[in-house]
Amino acid sequence: MNLFNLHNSLESYLVVAALLFGLGIYGLLNRRTLIGLLISSELLLSGASLNFMAFSRFLAPDPTTGQIFTLFIMGIAAAEAAIALSIIIAVYRNYQSIDTEDVAELQG
Amino acid sequence: MMELLEMEPLRLLIFLGGLIAFAALNAAYLVWLERKVAAHIQCRIGPKEVGPFGLLQPLVDGIKLMSKQLLVPNGVDPYLFKVAPLLVLVPAVMSFVVIPFGENLAARNIDLGLLMIFAFASVNVLGLLLGGWGSGNKYAVISAARAVSQNVAYEIPMLITVISLVMVTHTMNLNEIVKQQEGMFWNWYIFRLTASPLMPVAFLIFFICSLAETNRAPFDLGEAESELIAGYHTEYSGMGFGVFFMGEYANMVIGASLATVLFLGGWQSPFGIGSGWWWFLLKVYALIFCVMWVRWTYPRTTLWGLLNLSWKVLIPISLFNLLLTGATIKVVSYLFGA
Amino acid sequence: MGKENLQSAIVQFAALDQLLALGRANSLWPMTFGLACCAIEMMAAGASRFDLARFGAEVFRPSPRQCDVMIVAGTISKKMAPAVQTLYDQMPEPKWVIAMGNCAISGGPFVFEGQYGIVEGADKLFPVDVFIPGCPPRPEALIEGILELEEKITGTRRWPRVEAG
Amino acid sequence: MSSLFTAEGLAGLLFLFIVAVTLIGGIIATNSVRLPRAVSGLAMCLIGVAGLYYFLNSPFLAAMEMLIYVGAVCVTIVFAIMLADPGAEKRSGRQTALSGVLSFGVAGILVWGLVLLATSTMWPAVPVKVNDGSVTAIGHALLTTYSMVFELISVVLLLAIIGALVLARIGRDKA
Amino acid sequence: MNEPDCNPNQETFVINLGPQHPATHGVLRVKLTMDGEYIVHAEPVLGYIHRMHEKMGENRTWAQFLPNTARLDYLGALSYNHGYVQVVERAAGIEVPERAEYIRVITVELNRIASHLLWYGAFVLDLGGFTPLLYAFDDREHVLDLLESVTGARLTFCYFRFGGVYNDIDEPFITGTRAFIKRLRSRLPDYHNLVTKNIIMIKRLKEVGPISAEMCRRYGATGPVLRGSGVCYDVRKNEPYSVYPELDFDIPVYSECDSMARYMVRMDEIDQCLRIIEQALDKLPDGPVMAEKAPKIIKPPVGDYYGAVEAARGTFGIRVVSDGTNTPYRMKLRSPTFSNLSLFGEASRGMLLADALALMGSLDLVIPEIDR
Amino acid sequence: MSGYFCELYSGTKSLFVGLGITFRYMLKPVVTLQYPHESLPMSARFRGHIELIGDEETGAPKCVVCGMCQKGCPSNCISLAGEKPEGGKGKVLTSYILDFTKCSLCGQCVESCKFGAIRFSKDYNLAGPRKEAYIFDLLKRLEEKGR
């Protein structure tokens, strides 16, 4: 496989997407602050979007589908970020911390 | 397949080099111009002793800034501190790529040029924010927060205004938009009252928003000297500060170019003959002169005043303009249309 | 004096050095920093009548990080001395200091036997390059001081000397 | 390899660069202890993703990615960091090492599986495209096929704004 | 000043405004406890330019203290000269010739104009407008030229003497002053159009920084700050001194209590100063400018003396205690800005940083006078 | 609602008026005095540091070393010395040192001099790299001037 022709193959995008997804999972499991978790989840979403885009470019008969999916993901992600941040700030006001360990009042 | 690379890589490089040189030279001489304009508004002379009319002043300042010690103070985040000025400058230079200086004088003629510029402009904000935060200085943090809330608030009326314009032009290709304004100056979109009766107001809104977006007075809250020392670049010395400055002036040029392209006919001559890049530069510099003129006339607004202006005046008017534009298009196409 | 704490470059290019000196001499950005009466004359020197801008020295930067020259304009009290010292330390090299007015030179009229409140001269705190006497000096004297500093940096004087009279 | 200096080769090189930017950004975003750096890593990664979208024939999405993610989401996150000012992430010794290894293992297995799936599957041949996937096509699709979703997402956004306001307000009153 | 309610849940932080800060006009330091952009608590920290004036007064002869008065408030130096000279004259029983008193009034009012012009510029500079500062400086240079031609100095005048003034004014000064009055009158409308009527300015000053008359009384605020709160108090009218009773002028009073009111008071005062100077020039009598019987060495009889004048920033009071020797036994200066600044802590509570700086600018601070 | 539009109108108008004023000033001639190239004559009463007045015929200082200036000076910047020459009457000035760096230009010395021996100079633009340069030996300056 030619190293300089990677951008024309579906697999390379899928691998990058998988790596992004993996990084997101790793971050979600490993991070200790709410903001860190949020950042990781954004990575996760990007991985998914990239997959959609790649499939729609290479495989789908209608190339708009994937793009529209990605657009919706963006919209949702933006909404999610806004909500998550207001939650984080509310949590910070009440606990003086955004560390997941400290915010454990609801733990069973 | 890639449109981008259908031409030789060489041309790309030349354009890139040219753009960077243009941005740097522009920044340098805009500073000179600003100092001269300010001086004459205040009945002074301004830089004069260094070179004829002080023309070598920017050069000398550049030499000095470059030879100045680069301080990375204690308590800053060294990576963010160093990256932030670049985050301001690079997107600004990248935005130049799509600006049509003349009919065939755009580095890239991209269909989504308008969107590209806004995309790059949004990165600029991040640069300010990280620069302010990375400095670890309270003034810088406050200033960065201000700059961002202001940018976010003014992006809305600006985008709404641009959307109403795009409804008229049917394209986001800047070159196309300029071509649509061919002929005498009443074909410029600012005077195209048949497209929307509020076009001059839309231009005014766009101008105000671009002032706010580029953090220029009277919206220079981020650098409010009497409140926040030097704002987000308080801790920057030497070229770090210089790069911030270059980015700021490059942004100013982009704002003015965009206003020229969208409303003032780009490189089109106002009389239908003799169009070319000279007209473009003339209009851009005239707008930049206005920006400076405004800066040296008004006091600074407060954060609340600024947000009030955006939410209570600019957004309602631009929304109304959007509606009106849509209605006008419908009515016109109904009356004379297909 | 201010150059003493500059490290000398390993390789010296005479022409380049001269260019740098020219650059620095003609772009002296002072700090927005006034202590007392002389600060008003400093402002007056920047104002329309005298226009410090002609020499490229009107860019008063509020942050010490972006300044080249500190104009100590006024009395340094003992309480203020640490702050002034900090400001000096915060300025990046190369930097210069102008002591403007008698208070900054030697404590001026506030020196008397048994005085407890002021520092008797800015040169007690850090090296001073140019002294401008007067109480307060006229704006012309400040301009003269800037020119004097330029002469000190480049080694030559480009401007005519004005005989008082 | 001789094709490096042609347009195609350059594009390939650019692609590799963008992939590198994306992945390095991702690694910074997940591993940096200081949150502002993590956000700048995220921004870097998202700029890379935007570049990938450009390679996927969708400059529109690339611009939107920059505008929404870099310009809005990242900025919001930095804002949150400023407001909450958490400092460096705390990590307690034993748990960190263990959780690091564990989560790396889990993520590694996932990636391995996905990569295996991606490379071993025989993807069907490219079918005939019904349109060119341009902005016009997206616009048409949005206002016809997906109009319901389009409306719904605007409702979601509105709710999100209201929710965010309410949440932030409540926290403020309590303090 | 009481400490802020220390609520651990409040995300406050402390920033230091000064001692070197563009907005503090010198070396004032204000410790601000901020909640975001809002000020929770402000505490001015003084003493950064304490120059031992009162102590020096006790170490010097009566005449040798004269140059110090000019360095208290360097923007309105002549008023301070006037206050000191007046109280010593009263103590020593020296009669001042009328011409000298008229000259004093003319120069003091010119100095007041210079001071207000500089304040105008600096105030607008605090609000971010640079150009008005330089217009004001341009006019101020004319005042300084006039004053320099009489007193020999531009800023720290030492012109008044016990029993009169140092030297007489001449014809070029009088014509120059008349020309200046005409010039300033023609330029004041520009000032108003450029700044006073500007919507940004109005938005920033109207209803910002309210200081009630009651608060003024509590802190002893005087001058334009007090008159901007609706209290008509001016030493020149209420406890007339010098030749002010013979001149016809108004005391501008605004009762809005906000920064705009204080701004307007000062701008109107410039007008009134012009009126006073015009009248004084018309009425200027002939005669000596120095009392003939003024002793060379002043030794006021034992006693306690107080005198006050209306300086550009408010009431400047000076109390001297004489033990009959040629040095004062005790000298106490009551500087107006000290009281005016004291209320900043209370008045700025809960304000935005930018508004607080507008408030601070409207107080017209000169720091060496606060610290003395 | 009408208030909103009124404010919008008057506000916008005030902004344009402001622009008009600055534009007008921009077209006015500059007021700058280009200092090293041109300079103002100092007014007759300008107070620089003090200097001795020489006798018009002999050039010797008029000072009789009474010491009043020294006594009157608030900041002790003047120190002078004289000696009685053999056979002459009155003292002759041998040194007159002025520490200008402490002077506050109050004019007490000039005022207290009954013999008109000192006056203010017109040196308004002193600046230099050494502070010792401002401790003047006025006698020497007078001699140099006489030459």
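Worth a mention:
Labels for the chains are A, B, C, D, E and F, by order of writing; each one numbers its residues from 1.
Criterion: contacts are C-beta pairs under 8 Å (C-beta built on N, C-alpha and C of every residue); 3 or more make two chains touch, one makes a residue touch a chain.
In this text, all values refer to a predicted model and were calculated from it rather than measured experimentally.
Compared with subunit D, the chain whose C-alpha mean position is the greatest distance off is F.
Among the chain pairings, A-D comes first (most C-beta pairs in contact). Of all chains, the one whose CA centroid is most distant from that of subunit A is F. The distance from the centre of subunit A to the centre of subunit B, each centre being the mean of the chain's C-alpha atoms, comes to 32 Å.
The centroid of the Cα atoms in subunit A and the matching centroid in subunit E are 63 Å apart. Centroids of subunit A and subunit C (each the mean of its C-alpha atoms) stand 55 Å apart.
If each chain is reduced to the centroid of its CA atoms, subunit B and subunit D end up 27 Å from each other.
Contacts with at least two other chains are made by residues 1, 39, 41-45, 48, 225, 229, 296-298 of subunit B. In subunit D, the residues touching two or more other chains are 8, 11, 39, 55, 57, 60, 64-65, 72, 79, 81, 83, 174-175. For subunit A, residues touching at least two other chains, in rising order: 93. Of all residues in subunit B, those touching subunit F in their complex are 37, 39-45, 48, 293-294, 296-298, 313.
Across the complex, subunit B is touched by residues 19-20, 22-24, 26-27, 32, 47-48, 51, 53-56, 58, 61-63, 65-66, 68, 90, 92-94, 158-159 of subunit C.
Across the interface of their complex, subunit D is touched by residues 2-7, 10-33, 35-36, 38-40, 42-43, 46, 49-50, 53-54, 56-65, 67-68, 70-72, 74-83, 85-94, 97-99, 101 of subunit A. Across the complex, subunit F meets subunit E through its residues 7, 10-12, 14-15, 17-18, 21-22, 25, 31, 43-47, 72-74, 104-108, 111, 120. Listed in rising order, the residues of subunit C touching subunit F in the complex are 1, 48-51, 54, 99, 102, 105-109, 111-112, 121, 123, 128-135, 137-138, 140-145, 147-148, 152, 159-162, 164-165.
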